[in-house]
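Same chain, two partners: chain A is paired with chain B first, then with chain C.
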Partner chain A sequence: MAAFLAGLRLQLWWARTNVDELQAFVITPLFTVLFGAVVDDAGRPDLFAGAVLGGGLIGVWMVCVQVGGNIIQHARWSGTFEGLVSTPAAVPLVIAGRMAVVVGVTVLLLPEAWLVAWLVFGVAVVVPHPVVLLVALLVTLVGLHGAATLVAGLCVLGRRPYVLQLALTFPFYLLSGLVVPVSVLPDWLRPVSNLSFLTWGAALLRSALLPGEPVGLDWRFAVLAVTSATTVSAGFVVLLVVLRRASIRGTLHLV
Partner chain B sequence: MNRPSTGFPALARACAVVGARDVFAEQTWFTWTAGWLMRVVLQVTFFALLGSYVGGTGQTRYLLIGGAANVAALEALTVMLYSAHDRLGGTLPLLVAAPRDYFLVLLSRYPNCVVTGTLTSSIALLSCPLLVGVHLEYPRALLAVPVIALGATATYVFGGFLGGIVIKVRSGRWLLLNIGWMSMAILCGFTIRVGYWPAPLTWLAQILPFTHALRALRGVLGDATVALIVGQCALEAAVAVLWFVVGRSVLGLTIERARRDGSIQLSS
Partner chain C sequence: MAISAVGLRRTYTRATGFLRRERSEVVALDGVDLQVPTGEVHGLLGPNGAGKTTLCRILATVLVPTAGTATVAGHDVVSHKRRVREELALVLGGERGFYDRLTGMQNLLFWAALYGLSRAESDRRARMVLERVGLAGRGEDRVGTYSRGMKQRLHLARGLVAEPRVLLLDEPTTGMDPIATKQFHAVIQELCEGRTILLATHDMVEAEVLCDRVSIIDDGRIVATEKPQTLAAWMSRYERIDVDGVAPALAETLRSVAGVGRVTVGTDGTTRVETTADGASETVLRILLDEGHTSIRTSLPSLEEVYLHLLGHRDR
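Then we have the complex of A and B:
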């Protein structure tokens, strides 16, 4: 627990001193305005809440991929990763603590998107099903924690981590239905979309904003929980593999 | 004895070689194709499907064209990162001390941003219609390529101006790049009609890069008259000249001030 809390404190300090880490709080309002204006100009007020949610979710995913994905890389660049691994603390727990801050902070992006929607378009987003929203958000955040850990591990494996991070933006916005529901995607893409916890999380969050009673909540939440748990497991497996591989090859320090 | 050539062509050639080396140090053909190009195609598909979701065929076409052109704008705008890059790398004082205008050096060094931006944007524009069922008329659609190149060039010059502003920033350059790109995406007609916004923002869009090139692009891919297309291209060229003059002045002033107070080096 001490290792987890140490990671948590370190990430809070890091976020305060690095402006680029907080850029999602500036970019999210811009995405919100963009999507809000597109649906407003098309005369589709029924899609407005979903568009605003999409702006927020894009910010959430951006933070996980870019900030979370860079955690190990930054430690390697600054030469602290070797020191961290040599301490008696469990490194995965320190990383988990740091990721918890990264993912936890993203929760603020959704109310930020709603605030921007209200200020710019004068439309208050109503949440007819707050319990569905809260539970879906909580389980999705667990999956995001795993995804961020997974990306952080994969970034260490590749020589050009930013290429991976760039490739994980719009393709994921599209395949996970963050703004446009996956039902609009071509049929052959939907099986790929269904593998992502984010697809199920985004769909449930969107359902929570619609006035009608959400259907099939039991099985949709079950799939979200399973895909999120799978992502968390994959994240930690990749992290352990990367740590072991780097220790054996002597590449903990970036050369 | 052979004297080294010192004219602008020699400067441009030397700068382009350095810029190309920088690009190949960051990307390989595999990472560019499987990473960046794949992302771009799905990014444009994303915008096209957003159009399909909210408004049908007309919106799909509008957002497809805007989304594709927006890629060229993003790549061209990355030139703004390199002025601070020179400062952080410690080469800025040397470049400033050399007998050449640094703004010209900066712009001469990364024309690859315009070339690759135009290339990826054109590939996305000509391939994504097949994925989302939008019809483009050939060979007329091929005329889109030089229009995209014009918009990218104007954006590149505008990026040089922004480079003059961010040259002393240690962190937050990517944030400023994203703000610039997203603001253009919102205001210049890439995703939303320019006329949708309040009058002051509509006026601002007239002097931002790509606004007129986009009108020309939509005209080329539609049925606009030659006069309208040429007129919009001329306005885009005028916008590029405007930002060249402003950018050169701003960067010149920033560097002059930094020389006076000794803050041109990283240690400041």
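Then we have the complex of A and C:
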């Protein structure tokens, strides 16, 4: 727990001094306006809440991949990672503490997207099912924490993994139904989409914003929980494997 | 023994080519044997690429050895990493190794927390070590605003904040000017008393000032382990004397002096006399003064030159 809290506190200090890591707060309004304008122009007010949510979730995912994914890589370049590994603290817990802050801050992107929608289009997003929204958001954040850890671990495999981080942005927006509904994806791609916790999380969050009673909440939440837990497990396994690999190869630091 | 290494070997695989990958093995450590008793300040002296940092990294458990065994405070660095990490701190030199946008105090609080210290205890120790390394007035400033010497002192503070029994100092004065280096040596002598220290350096003077014993490492092997006084003797033995305007006959006389290794004349006319034995430089100086030469300069050999003498002129 001490290691987790140490990581958490470090990231809080770090976030306060690194404004450039808050770029998503600039980009999210752009996506929000873009998606809102598309459904507005199409005369589909029923899709408006989902479109605004998509803009917010894109920002959330972007922060997890870019900021979370860079945590270890930055530490390797700055020479702090070797020092961290040489302490008695469990490195995955320190990373988990840092990721918790990264993912936690992204929550603010959703109200930001709603605020922009209200200011630009004059439409207030209402939440008919706040409990569904809250639970779906919490479980999705757990999955995002795992995804960010997974990306951070994978980034250790290369010296400059920007291409990997880039590849994990737009394809995931499409695959998880953040830009267009998953139903418009080709049949063969839908099973892949269903493997992503973000698909289930986004769908449940959309359901929480629609006026009708959501259906199949039990099994949909179960699938979200399983896919999120799987992502968290995969993140930690990858992290442990790459840490061991880096210790053997002598690549905990980069010069 | 606080630190023990037996037959420690570390190799790296280097791959070249894209379609046809060719792999070659680079030996960083080649069977290192080292014993450092508790409480000793032990120098690890060698040129760049000799294997000093690799050895420090293995002892700090951040690098896995290819073969051999090593223990710190009796704990194996491979099978009991956590126990080793509780006993030591790795202090790397240079300007890297900190969160530059955080303050010195925040950096220290983070590192203290990693050793499981409570918030209050971390705070107390961080303030104490900042005071002792002379950074008390700059603790609330961002590390990015620190000079190189201040960062080096912060490195040392980081190493001491958890009060480890064993300190690994890897090139702690790299890039510092002579005055800052001297001050830093005084800080190390004051703060590290009672601890076991392995000091990796390429600076013979630093090793002589700080260390109880010194191991010379070259090409991944420990060549010799001696007291610093022995090193000093090597340095004085291999002295260099430069003098202008030496006549050919006098040069011949100097060549015949016992303990003179070489007499060479540079393109600018300067004659260089290199000695290889104790007392030879005094004899040479006396001869030169008797012949009326007053423009004489003496200098100590570089570490590499001492190595060449020590290692028998083998290819490097």
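The definition used in the following text is that the second predicted complex is superposed on the first by the 252 of 255 C-alpha atoms of A that agree within 3 Å, B and C clash if a C-alpha of one lies under 4 Å from a C-alpha of the other, contacts with A are read in each partner's own complex, and residues count from 1 in each chain.
Here is the rule we use: a contact is a pair of C-beta atoms (placed from the backbone, for glycine too) under 8 Å apart; a residue touches a chain by one contact, two chains touch by 3 or more.
Just so it is clear, the structure is predicted and the values come from calculations on it, not from any experiment.
Chemist: Put chain B and chain C onto chain A via the superposition and say whether they clash or fit.
Modeler: fit
Chemist: Name the contact category of A:Ala42: first (chain B only), second (chain C only), both, or neither.
Modeler: In the superposed model, A:Ala42 contacts chain B only, not chain C.
Chemist: Kindly classify A:Val179 by the partners it touches after superposition: chain B alone (first), chain C alone (second), both, or neither?
Modeler: After superposing on A, A:Val179 lies in contact with chain B but is clear of chain C.
Chemist: Which holds for A:Thr230: it touches chain B only (first), chain C only (second), both, or neither?
Modeler: In the superposition, A:Thr230 touches no partner, neither chain B nor chain C.
Chemist: Quick check for you: in the superposed arrangement, does A:Glu82 touch first (chain B), second (chain C), both or neither?
Modeler: After superposition on chain A, A:Glu82 lies in contact with chain C alone.
Chemist: Just to be sure I read the superposition right, which of the two partners does A:Asn18 touch: chain B = first, chain C = second, or both, or neither?
Modeler: After superposition on chain A, A:Asn18 lies in contact with both partners, chain B and chain C.
Chemist: Once both structures are overlaid on their shared chain, how near does any Cα of chain B get to a Cα of chain C? Whole angstrom is fine.
Modeler: Comparing every C-alpha of chain B with every C-alpha of chain C, the smallest gap is 11 Å.
Chemist: Name the residues of chain A shared by its contacts with chain B and its contacts with chain C.
Modeler: On chain A, the overlap between the chain B and chain C contacts is residues 18.
Chemist: Sort out for me which residues of chain C touch chain A in the complex.
Modeler: Going by the criterion above, the answer is residues 12, 54, 57, 60-64, 82, 85-86, 88-90, 92, 94, 96-102, 106, 109-111, 113-116, 142, 158, 162.
Chemist: Residues of chain A touching chain B in their complex?
Modeler: 18-20, 23, 26-27, 30-31, 33-35, 37-39, 41-44, 47, 160, 163-164, 166-167, 169-171, 173-175, 179-181, 184-186
Chemist: Give the list of chain B residues in touch with chain A in this complex.
Modeler: Spelled out, the residues of chain B in touch with chain A are 26-27, 31, 34-36, 38-39, 42-43, 45-46, 49-55, 59, 63, 131, 171-175, 178-179, 182-183, 185-186, 191-193, 196.
Chemist: Help me check something: in the complex, which residues belonging to chain A touch chain C?
Modeler: Interface residues on the chain A side: 2-3, 5-6, 9-10, 13-14, 17-18, 78-80, 82-89, 94, 247-250, 252.
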